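Structures are listed in the sections that come next.
After this come two complexes, each holding chain A, first together with chain B and then together with chain C.
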Partner chain A sequence: MRYSLASQRDKFWGAFFFLIALICSLLLAAVLLFMLKESWPVWTEIGAKSFLLATAWNPMASPPEFSIAPMLVSTIWVAAGSLLIAAPIGFACAIFLAEFAPAPLADILRPVLNILTGIPSVVYGFLGAAVLVRFFERSLGWSSGESLFLASLVLALMVLPFIVANSEAALRSVPAEYRYAALALGVSKTHLAIHVLVPLARKGMLGSLALAFGRAAGETMAVLMLAGNILLTPGSWLDKGEPLPALIALELGSAVPGSPHYQALLAAGLVLVVIVMIINLLLNNYLHTARNEVNRFE
Partner chain B sequence: MNRRKIRDGAFLTLLWASGLFMLFVLASVLIYLLQRGGRFISREFILGTPGGFPLGSEGGILPAIQGTLMLVFLALCFSVVPALITAIFLSEYGRNTRFAHIINLLVQSMAGIPSIITGLFVYALCVVEMGWGICLLAGGLALGIMIFPVITVSCRDALMAVNDDYRLSAESLGASRSYTLRRIILPQATTGILSGILLGMGYAAGATAPIMVTAAAIMARSPGNLFEPIMALPYHLYILFNEHISMDQAYATALVLVLLLLLLNSIALWLNRQQERKQYR
Partner chain C sequence: MRQKIGIMVVLISLLMMSIIAGCSNTNSDADKQNVKAPEQNVTIKVGGSSTLAPIIAKCADDFTEEYKTWNKVDSSLPEEGIVIFVSTGGSGFGMKSALDGTFDLGMVSKTLKDEEKEQFKEGEIIQLGSDVLDIAVNPKNPVAKVKPDLSKEEIKAIFSGNIKTWKELDPALPDRPIVVCVRDLGGGASEVFDKAIMEGTPISNQALQIPSMGALAGKVMDNQDAIGYVSSGLVNQNADKLTALKVDGIAPTVENITSGKYQIGRPLLLMSKDKLNAREQLFVDYLKSDKGRTVIEDLGYIPPAK
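Take a look at the complex of A and B:
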């Protein structure tokens, strides 16, 4: 055994560190269980089916109606829309960084990506609402510019750095042998990138999209300021809507603690976090198989 | 042959365009904010309190700056020690064990929790259930929970990056693990750990959603009481814009916030580079 000389003290500290680490990580379970407990009446009285699939959210009506279907649709629409915009640019930028960018430019671009992730979402939301909304209102003659599309556009800017960074990592993890083999066969660098590297890094690149989807779906400020905040099911990308995070942020302060409204908001939060976590867990599994696949080629 | 050349050329142009696009985004955000907000930044703006009617349309943002600094400080108090301990377990004591694998997965899942959910949790547990009310302490806790996984992951990576030769040499000399950790591994990883903490600070300083429901107020004159609401830069910016109070003030506030984060992130990046240099030496 490698650590046969390990003293009793080392064992003690090992156990200590493990315990603390475990407690911290179990905070996650605490969050989920507490939210489940607080929102329990929603699941038993309203029922999961009607909470998720009926069509109206109207806490002021009597009897109040609680269904998050419109917000769920908005959330998915906004997040998927942002990927639609961000994916092509992000992948192109990742290929550029991994294969084509001259070293000095890459040395500038990487910190720039880092700094872009550091700009707070409220600033993106603010600039989007102050500049883009006005631009669309003026140039396209829309009566009011806020829409799911604009929220997607700004979210796309926010998730782009993540897509680029993770996709570039995936491209770089392709073993160098493939590169040498392809170049030795005399193919051009663009051919190498499109027909050899991208297919091999495909899984990692798709994984970066899943991660970005989770981020976009959970993002609050940008959608709060840009999506228009209307509690209806959006019919198109250009409609207004109110994704789940915006709903929670807007209504939590005014919901009386312990009331059905409050419980419904906690239930909405639980649905959101479960969606995001399922995506992350699936992604984790997926990336593990991805890594194995690359190794098998070696 | 010619056709292929054109296709390759178009492909390359696209790649260059997308790369330059990222530069363009950052440059335009900074230049636009400087242009619109720069001329409103003055001594009075940084060191004054909000005034005018509606409140915030004149005056400064000092309470918001103080509030943000306090929130960040509290978030660090809640998160740094647990994060460091977890990171040490993941990289030193539990490396490659099943426990470490599970905790890694949990930390990763925590990193994926949307920030509004952290706020919702702290609101339901502390603000409502424990009766703290909307307050600085609750906001600090929410931010602490939010940055815990960020700091854990970067500290873990900093520790993992320490050359294994040190560990083997120390062990072969009969040093205990805790001694090795204290005297060799931690000093080697300090820069990386600091960089991770700065990253967490930046993340906490810019977060709006969690403090919006747990800590923030439109106006709070004397920040510092743990059980009072507090002003914060990102929330102040949101209010200035959303309540149509003052666009000029909003641009100036956004500029201050972005400059603060630029500073934090640049130091973090610089430290990271130092750490990498040390490793390659």
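Take a look at the complex of A and C:
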């Protein structure tokens, strides 16, 4: 505790809440350790390099081959692609809601965007399969509509509310002095929003991208139905692929627990968790070390 | 201030209670005892193969409609409502869950290996019928008229990716890529197909892996260039939207299947780790009775020979 005048009661409650926070962090560590333990033979026998970089996934061959490079590429491609589609739209929505929207309109738009998070992902996958796949096959004449692009498109819709909500909060947290200064100097609202407020709020906006990436990389049902699930490394955005969550969801049902197939699937799950954690940590690190420009003059 | 502390204490004690309750359920043996104790087991939980699920669900509905309470089925049982839960998850999941007690009966639609049969030697394996996999294409696909009979080698070549376009199969067909649709590569249907046709040749890595038989049928129904192995039940139910091709001149008709000439098939099994208790036995008897056989036939599957 920072204050040496803390009473006994304060110290007690402080320690108590610290304990609860510790339990939550330990839960995360427990999950990681469990997955590591269950998949340990994969790391010792196949080796991390071969597992992560080779391209043959063949659980039915004898001996079975397990390598997830194509799935890693698909996962990152699908998630990055969805951010590519959702970020411009999300940032634009956030700027509109924070600066330009009249209050009644903003009050309607915000809950509507938040409802998008409430729609179950399997519904997104189903709608994508029923409507978008057919659209790509019939109108554009593709032989089969599933592709990473389609999965990215639907994922973009799913992560849009995260980007909008967090970016809008970041924009709103810029102190009001900047807006008054702009009014006093006669600067147009557009110039203010794009050249002053967005750079000041960029920490929060980039942070929202990290959250969106985590959601997009881990999304299972939608990509299971839309990405095509083929075992090749995708060469273009329009190719089919099999992101890691789809791989696990597809094959875990038929893998016997304790078998090498099961261990490989758990190892793939561990890799997925670690990737999302690393991206989050890197982004948070960048955001903390970058100078906090909003407080530069205070 | 006092009110806030009071609310805080209530919330924290709720949190503690839920943590403790969560921790105390790790003894799965105690759990299994609870589920399998004969007099307390009122619900029957069945799960596993997505092929068998509609059959069992329909029979469960009919059974519950007809009898409503257990004492009407067998007067020695008490008057409790009949509750049967049916869920999916795949044959592998069905077997695993039958072994660990999550389900009372596991639904499995594949031929069992010896090690798998070993795990159930204290229980029962009941065959409810057979399912046959048809090689299905979209009725708008010209192959249905131009070349409705494929040899086993041609099917193997298509599914392994050696023949990539319809034109390569037969010059009269359009030059469009063949969209090969398969089930997930570790699953029951995939093993059956591998044993009967592929015989170890790996499936093309361009093939779309589809999570369930229903979705596979839907894909072939929607896409003119698609070919896939679809459960005969689904083909029979959607005769106008799916066309089955002959394999080596043998069509997947009931006679060819019961005589054994059409070979791409798998048994539909119910598996239980321990001997069936009274209620489960009654339900299984219903499934094997004429009423159960009618449901199996109506849905397009093959009941076992009498």
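As a convention for this text, the second predicted complex is superposed on the first by the 260 of 298 C-alpha atoms of A that agree within 3 Å, B and C clash if a C-alpha of one lies under 4 Å from a C-alpha of the other, contacts with A are read in each partner's own complex, and residues count from 1 in each chain.
By our rule, a residue touches a chain if its C-beta (ideal position, glycine included) is under 8 Å from a C-beta of that chain, and two chains touch if they have at least 3 such contacts.
Bear in mind that the values here come from a model prediction, so they are computed numbers and not experimental data.
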Clash-or-fit label for the pair chain B, chain C on chain A: clash
Which of chain B and chain C A:L157 touches, first, second, both or neither: first
Contacts of A:P104 with chain B and chain C, given as first, second, both or neither: neither
Touched partner set for A:A249, first chain B, second chain C, both or neither: both
Touching partner for A:H261 - first (chain B), second (chain C), both, neither: second
First, second, both or neither for A:P59, with chain B first and chain C second: second
Contacts of A:E146 with chain B and chain C, given as first, second, both or neither: second
Which superposed partner A:G235 touches (first chain B, second chain C, both, neither): neither
Touched partner set for A:R134, first chain B, second chain C, both or neither: second
Which partner reaches more residues of chain A (counting touched residues only), chain B or chain C: B
Partner chain in contact with A:I115 - chain B first, chain C second, else both or neither: first
Clash-bearing segment of chain B relative to chain C, given 37-45, 181-189 or 199-207: 181-189
Footprint overlap on chain A, where chain B in one structure and chain C in the other make contact: 20, 129, 225, 249, 253, 257
Chain B-touching residues of chain A, taken from the complex the two chains share: 3, 5-7, 9-10, 13-14, 17-18, 20-22, 24-28, 31, 34-35, 38, 88-90, 92-93, 95-97, 100-101, 105, 108-109, 111-116, 118-123, 125-127, 129-131, 157, 160-161, 164, 188, 190-191, 194, 211, 214, 217-221, 225, 245, 248-249, 252-253, 257, 265-266, 269, 272-273, 276-277, 279-281, 284
For the chain B and chain A complex, residues of the former touching the latter: 4, 7-8, 11-12, 14-19, 21-23, 25-26, 29, 32-33, 82-83, 85-86, 88-90, 92-94, 99, 102-103, 105-110, 112-121, 123-125, 128, 145, 148, 152, 171, 174, 176-178, 202-203, 205-209, 212-213, 234-235, 237-238, 241-242, 247, 250-251, 254, 257-258, 261-262, 264-266, 269
Partner chain C, residues of chain A touching it in the complex: 16, 20, 23, 58-61, 129, 133-134, 137, 143-144, 146, 224-225, 228-232, 240, 242, 249-251, 253-257, 261
Touching residues on chain C, where the partner in the complex is chain A: 12, 15, 19, 89-93, 95-96, 176-177, 179, 184-188, 190, 194, 202, 205-211, 215, 219, 222-223, 225-226
